[in-house]
Structure formats: structure tokens, C-alpha cells
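Every chain is named by a letter (A, B, C and D) in the order it is written, and numbering of its residues begins at 1.
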Amino acid sequence: MTILKSMLLAHPRPPGDHLDTLADAAEALARCEQICVVCADACLAEESVDKLRLCIQLSLECAEICGATARLVLRHSAAPASALPAQLDVCLMACQACADHCELHGTDLGHCAICADTCRECQEKCNAVLGELALAAVGSTD
Amino acid sequence: MTILKSMLLAHPRPPGDHLDTLADAAEALARCEQICVVCADACLAEESVDKLRLCIQLSLECAEICGATARLVLRHSAAPASALPAQLDVCLMACQACADHCELHGTDLGHCAICADTCRECQEKCNAVLGELALAAVGSTD
Amino acid sequence: MTILKSMLLAHPRPPGDHLDTLADAAEALARCEQICVVCADACLAEESVDKLRLCIQLSLECAEICGATARLVLRHSAAPASALPAQLDVCLMACQACADHCELHGTDLGHCAICADTCRECQEKCNAVLGELALAAVGSTD
Amino acid sequence: MTILKSMLLAHPRPPGDHLDTLADAAEALARCEQICVVCADACLAEESVDKLRLCIQLSLECAEICGATARLVLRHSAAPASALPAQLDVCLMACQACADHCELHGTDLGHCAICADTCRECQEKCNAVLGELALAAVGSTD
């Protein structure tokens, strides 16, 4: 069990069935934020920087959004009144835009290939949380 | 003209007709972020902190989201591929949840009253950007 | 009186004599964060982007540090155990590095000139807080 | 090798001998940020919240500073003009203050015990970066 899972279990209101999904998403989001920060910095240091402007913008935007989304996921206990599901949707969009664009030059630039993969994995983990939240919402109105 | 408007005008791709709306929103978002940070800190210092838990959570969440949204608004030039409109929608939700909750004890707690007002004003400014982006999108597909 | 000052006064532990200094610094830090975000975005959109790499890095770093420092300033009430003074020192360094570098091309690029001025003003306001905190520390050990 | 290390190696200016130290620190900082966010949220949900106010403040402050420091570490290539070493020092202080305070009730509150351990580990990893940067600075002036 990762430290983060132990930590969420030690919360007075632990996430129950959502433990794995939330922790996996929070970790994927933190990773994606970090990889996107490095991708922007790496693109900026490339000789072909003038062709990588949009890539840098999308990576910075994705890093920004992943970071904010991660912190919302971690404060899961506020869920009833929370903007979390909508924020996860935005994060899916930002990850997709960044991954799609990074893939365009992923064969030439190793960091863009890694960034695209990391964004895709982050999308998967965010989607899993959205799925569980939707199910839980249905369950709670039964 | 505020410094921020001069700055956006000095950008090689200035925001044109959107200058006032974007700058006003960015400033309202920064203000809302700051007021929400203080509201959470103030609630935490109140004797009745045990009744203010949700208020603190919602203020922290609103601060987080306003900060991220402000930085997206400021990088307007990435707009075509950007998650900005969806992020603005999330921000509207976070501001509304925080304002609605702060109003519940706004007569007792001055900081919650100010926080509610600031969130409402932020919603207005974000809505104005959304309106303009929607119009611009319609215009560009004519 | 700005909204932020009213807000800090409504805190159960208001900042007393430090009200103006703290609020002015928080507002200058938020402004500097925003201007630096725009400066990085503007430099990235310049034709001469390959000569502006370090400028973009320093602006992004300054924006990052100003944002974090602002949120610490706003939670002034944690001051006794806080890393605030040391964080303000870091912020002075980041603002100086960004201002010095932006000035190098401030005659050609209007956004760099505005960014340099904003960083200098932010340094002044942070220095004022540091001065007051040092005096208060002396006073409290008399 | 972690994804982050592969990413830093794919940067056009890879961190050379500092690869392991920088990547380990960035990962420890991200973990510490997340654990501190959860610790603040968990303390806020405890019955004894009125005795955990300072703990919440210190955790929020530590989370804030770890996040900003992590993003600076990841943009290592700006190092010459960077505020990174000073920011790492601030981070050491924030981690120490949070760890020391969390330990006070670590026997009662599992999340505070985990938070204290995570802050200590983060300090170690930040110290390792500081040590390497100091050595590199000495080497570069020989």
C-alpha cells in the first residue's frame, strides 16, 4: 500500500470503496503535473523552440490544471458540495489536448512521447474516479 | 487603465475586443482567491470552528480553483485548444457553492459576508468572459 | 479601503499595525504573479522567442514564487511558527532576477518593461513586510 | 528508473550527475504536498478540530511551499539565475515546523504521524539537493 493510501485510510472520514481509485488518480495527477512542467521546460530548451510554442502552452496549462485537480481529489471528503466532477472533466480535456499535441512530435522529441503517455494514463485514472462518483451518485438517490 | 490591461495590450497577440472582459475577470479571480484564502484562515480562528468545517473546505476549494482559472485567463492566447471555457464553468460552481455557504453565517461573521460578495462578483466577471467566448466562437464559424 | 483590507480587519485576529503593509504586499504579489504569467506568455509569442528562453524561465519562476508567497502573507496569523520571512527573502531574489533580465530588453519589448517595473514594486512591498516583521520580533523579545 | 528520471534524461539539457538527487527530491516534494493537503483536511474533520488549528495552518503552509519548490526543482535548467537553493531552505523550515507539530499528536492521530514522517523524508531529499548544488557551485569556481 502506498503512503498516500495509508494516509487516506487514517482520515476520520476514509474514502471507503473509493480508496484505490482516488489515490491512484491523485498520484497520476501529481505525476502528470510534474512531467508537463518538465516537458514545457524541455521544449523551451530545444533548438526548434519556435515550432513548439503551442506545445509549451498546452503543457503549462495541463500542469496547472492537473495540480489543482489533484488537490481537489485529495480533499475528497468535501465531495457533496464539491466542484470535483466538473474539475475532473476539465482535466480530461487538458490532458487530451496536451497528449494529442505532444504526439505530433513524439517521434523526434523523447520528452513529448513520455508526456503524451503520462497524460493518457492520467486521463484513465481521472475517468475511473468520474465513473465511481457517478455510480455513487446514482446509489445515493435510490 | 490598470497595469494588467497595459500588459495584455503589450502582448504580441493582444486580446482585442476581449481586453476589458479578460482583464476584469483575471483581477476578480485573483481577488476572490485571496479573499477565500483569508476566509478559510479566519474561519479556522473562530471559536465556532467546529461549525465552520464545510465553510473552510469550500473556501479552500474556491481559492484553489480561482487561482488556476486566473492563470488560464491570463494565457488567453492559447484559447483555440484551451480548456478555458470549461474551467470557467467549474469556477462558477465553486464560487456559487462558497458564496451560498458563506451567506448562511454572513450576518454573524463579517469575513463570510465579504467572501460571499467577492465570490458573486467573480461569478459575474467569469460569466462575462464565457459570454464573449461563446459569441466569438459563433462568429468564427460563420 | 480595499476589499482585502476590510477582509483582514474582519479576521478574528486582525493584523493590527501591519494591516496596510500586509495587504499592500499581498496585492503587489498577486499583481506581480499575473504580470509575470503574461510576460512569459508574451515572450513565448515573440518572433525572437529563441533569445527569450531565460526570460520565460525567470518569469515563470517569479510567478510561481509570488503566488506562493502571497498565500503565505494572507495567512499572517500563523506567523509565529511560519516560514513567511524566509519565503519573502526568496521572493525578493526571484523578483530581482526577473526584473534585471526583463530590463535588458525592456526598450524593445513593452511587456518586459512593465514586468520589470512590477517586479521592482513587488520587492518594495515585500521589503516593507520584512522590515515590520523584524521590528515586531525585536519588540516581542524586549 | 522512474518515469520522472526518464523524462529528465530526455531534456535537451539533462541534469547529469544530479539526476537521481533532483528526481528523488521532486518526488518527495510532490508526496509531501499531497500528504500535507490530506493532513489538513483530516485534522479539519477531527472532533478535536479546535485543538488542531495550528496543525492545519502549518500543513497548509507546508503543502503550499512543497508544491512551489517541486516545480522549481523540476525546472533545474534555469539554475544559474535561480532562487532554487533559497527556496529549498524555506521548504526545510516549513517541513520541520509541520513535522515537529504533527509529532505532538502523532500517537493519537495516525494521519499526523504519517505526515511527520513524510515531512522528515522530504527534508532529507531537499538537503541532498542543497548539498549537491553547493558542491557544484564550489566546483564551478575552481
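Here is the rule we go by: a contact is a pair of C-beta atoms (placed from the backbone, for glycine too) under 8 Å apart; a residue touches a chain by one contact, two chains touch by 3 or more.
Keep in mind that what you see is a predicted model, and the values were worked out from it rather than measured.
Visitor: Compared with chain A, which chain's mean CA position is the farthest off?
Guide: Relative to chain A, the chain with the farthest C-alpha centre is C.
Visitor: Please tell me whether C-D or B-D has the greater number of C-beta pairs in contact.
Guide: More C-beta contacts join the chains of C-D.
Visitor: Any idea how many Å lie between the Cα centroids of chain C and chain D?
Guide: Between these chains, centre-to-centre, one finds 22 Å.
Visitor: Distance-wise, how many Å sit between the C-alpha centres of chain B and chain D, to the nearest whole number?
Guide: Going by mean C-alpha positions, chain B sits 29 Å from chain D.
Visitor: Name the residues of chain C that each touch 2 or more other chains.
Guide: 41, 45, 47, 57, 60, 67, 71, 75, 77-78
Visitor: Quick check: in the complex, which residue numbers of chain B touch chain C?
Guide: Listed in rising order, the residues are 3-4, 6-8, 10-13, 26-27, 30-31, 33-35, 37-39, 41-42, 45-47, 63, 67, 70-71, 74-75, 77-78, 109-111, 114-115, 118.
Visitor: Show me the residue ranges of chain C that touch chain D in the complex, using the header's touch definition.
Guide: Touch list, chain C to chain D: 54, 57-58, 60-61, 64-65, 67-68, 71-72, 75, 77-78, 81-83, 86-87, 89-90, 93-94, 97, 101.
Visitor: Which positions of chain B touch chain D when the two form their complex?
Guide: 41, 44-45, 47, 49-50, 53, 56-57, 60
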